[in-house]
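Chain naming follows the written order as A, B, C and D, and within any one chain the residues start at number 1.
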């Protein structure tokens, strides 16, 4: 059950047209070496789903700059002017989702929950094309789960079984994205043997992880 | 912002007829000293909500044995024959909820989510009186949030601000219950000053906690 | 004799488990499966109270009051274990991240329905995590004795309140191994000591015979090996 | 002058905060509120990327690459801080556990609607966490300049796509402090340097005058004290 492989081998399972969930908030917590490997591999027509578009030189922004992304689903693109430009010229589809709704939809995708009711976005454009469900006197939007073909995750410490710890604010979307994809690849700053990672610090139990890659910066 | 008080002072806010969420799984992770204080105070007609009925001598079982509970909402009562007897003689109302649905309903109560869709219980008695929501070709039960007046929580280590760490399998319902009540009381085995509890081990951020009580066994 | 039957059931189910599987074993008979896991495979046992990587029962010297399984037993943990709260535990279960769950049952029927959590007016222990496990696990294997006090438990239609609808994949008793298919029940194996006539006589449900119907040899068990026939599945 | 206005707004909003509050400050002008929190109160700043207990901006020597706030700034943490993932962060926000959120806005209207996340065809940065903060925080305070390029921003009805419906509780600009009530907007204070005529001239929305309409004295700010008038609220 040793899941450690090279970045190239892990990324070789990602094919043109696939959907990828990525961890990170403004690039902090996005796995740099997996983005490197995806750029090297040149996989195209990707749909990527994560918190934000980072900046042109950081995180998922690099993959977008390199023309490998067909569609971006995120809550915020305001700090990446290149994304706005690509969107306005029709070269990139962008779907904007409220941040709390986005992360909860991903959690539902991993947790086998068919959807959830929220008042976030009620009465705004976010409501379009969505079921409105009434409970008592309150109205809610029904938001549906998100899953992806692949999740690319950045861990601080992982063991070879695939248990992962994320330090400080690098957690963000990482432990959620790791539950909601068919193939989950973790790039870790440090890889240890089973038993060396404090069970109390594991935020992603190994069951969710397919591959562990070392050498993340 | 020092939230440390005595068990008696914390429990004095619990009044007859209130609804209480309690942490613990078969008594492991249920705050013993808060149950002691509730028994001493003699508060009656309580509705208690938690994973199970434990056993007659353990956890919430002691409060039930003492006749202070009007209604129990839980997923399992099979290891507490006294509860079955009280239920059959009409002295205790019991509402049984699938465990995963119960904990997710409590999470919703704390997270401002109006409900969630699940296939757990579909086509069984659990479905009775519930909205069935169709998404695509799939049917789901709409399960609604649970909140309580009070949550009684057992922590391994808490700081005086109310940050809490739960060791090993004492987590169970505790961090969830702590989010879903108007008044949250934590009984901790150890109380430390702010800054002494590793921020990476905090499972209940202090915002959720009203009172911290020391001396839990 | 009863114990021997239960051990046989547990042994047979253990042969279904694969290297790397995440497995949740119900309380009672299913727990025995852990004793027969083939040495060459490594798997992770999940306990719904918030543990992945459950080890053997704790000896008196090993007991840690903060560590129990869902059956309220003090246990040890494997290397690589992790702890989580109940919502994360059931996210794992409901989300399809548990490969196999093994559960006891009062009744099972031709449609893969299962009744396991109550006998109205007699025994109402609550469903615990069973409904979530049945709804969420990728594969649901029922471990039970073929009959209860002479009454059939594999029925045309469950008469007790259902715990899960159409979710059972396999039934293993001391007499038979059956699979639930879209066409109905299929008898795949006759367990050692039983016969086809015996199974017909003690099963209310209709069932098909598998083309390659296998007769398990009790020697396979006694030899501690995974026989050819059992490994067909 | 523009900076002075923004500081004034930030100072005024800081007076609204109470000991023990959990506060989320939006990017830009709202962030300045942190500089004016009265010394005698302790509060916890929440950052939606997964931090409760945000401290001051990190100096070059303090920068930890793993610790940022939602505005992508490297920050320090308070004693008693904690980290969590995004779903737990928004559970905290949506669940009403954040006492106050301070947000910028493009437009606000008489019904407490707010437009803050896009100008169609011109600026579409995405709503980030704003919609969740507006829907979930117990109290929503808007911090903005009273006008944009001479155009009123406090309107009868927002013309831009809404970010939240009927959720704004208070509006603080360099000219006015208004509360949103079920009867409509109420002018509670005239900010130093402004006049009632000025506010009428630069506000499209109708508003009532509070019975105890207060005129904030700029000296209160310069003296660094919480004036009598400001503390009426």
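Keep in mind that, in the parts below, a contact is a pair of C-beta atoms (placed from the backbone, for glycine too) under 8 Å apart; a residue touches a chain by one contact, two chains touch by 3 or more.
Fair warning: this is a prediction, and the values are worked out from it, not measured in the lab.
S.K.: If each step moves to a chain the current one touches, what is the fewest number of steps from subunit A to subunit D?
M.R.: The fewest touching-chain steps linking subunit A to subunit D number 1.
S.K.: Compute the shortest path length in steps from subunit A to subunit B over the network of touching chains.
M.R.: The fewest steps needed to get from subunit A to subunit B is 1.
S.K.: Return the chain pair with more inter-chain C-beta contacts, choosing between A-C and B-C.
M.R.: Of the two interfaces, A-C and B-C, more C-beta pairs touch across B-C.
S.K.: Greatest Cα-centroid separation from subunit B: which chain?
M.R.: In terms of C-alpha centroids, the chain at the greatest distance from subunit B is D.
S.K.: Compute the distance, rounded to whole Å, between the mean C-alpha positions of subunit C and subunit D.
M.R.: That gives a centre separation of 57 Å.
S.K.: From the mean C-alpha coordinate of subunit B to that of subunit D, what's the distance rounded to whole Å?
M.R.: Computed value for the inter-centroid distance: 35 Å.
S.K.: When the C-alpha atoms of subunit B and subunit C are each averaged to a single point, how far apart are the two points in Å?
M.R.: Between these chains, centre-to-centre, one finds 30 Å.
S.K.: Can you list the subunit D residues in contact with two or more other chains?
M.R.: In subunit D, 83-84, 90, 93-94, 135-136 touch at least two other chains.
S.K.: Identify all positions of subunit B at which a residue touches two or more other chains, and write them in rising order.
M.R.: If we look for residues of subunit B contacting two or more partner chains, we find 104, 107, 111-113, 118-119, 167-168, 199-200.
S.K.: Judged by the touch rule stated earlier, which pairs of chains are there in contact?
M.R.: Those chain pairs which touch are A-B, A-C, A-D, B-C, B-D.
S.K.: Which residues, counting only subunit C, touch subunit B once they are in their complex?
M.R.: These residues of subunit C touch subunit B: 47-51, 64-70, 72, 83-87, 89-90, 93-94, 124-132, 135-136, 161-166.
S.K.: So in the complex, which bits of subunit B are touching subunit A?
M.R.: Contacts found on subunit B: 104, 108, 111-119, 131, 133, 135, 138, 140, 142, 144, 165, 167-168, 199-201.
S.K.: Would you pull the subunit A residues touching subunit D in the complex into a rising list?
M.R.: 25-26, 28-29, 51-52, 74-79, 84, 87, 94, 96, 98-101, 103-104, 106-107, 118-126, 156, 166-176, 203
S.K.: Show which residues of subunit B lie in contact with subunit D when the two form their complex.
M.R.: Listed in rising order, the residues are 1, 107, 109-113, 159, 161, 163, 179, 194-195, 199-200, 202, 205-208.
S.K.: Along subunit D, where are the residues that touch subunit B in the complex?
M.R.: Residue list for subunit D touching subunit B: 19-20, 22, 42, 44, 46, 52-53, 77, 79-84, 90-98, 135-136.
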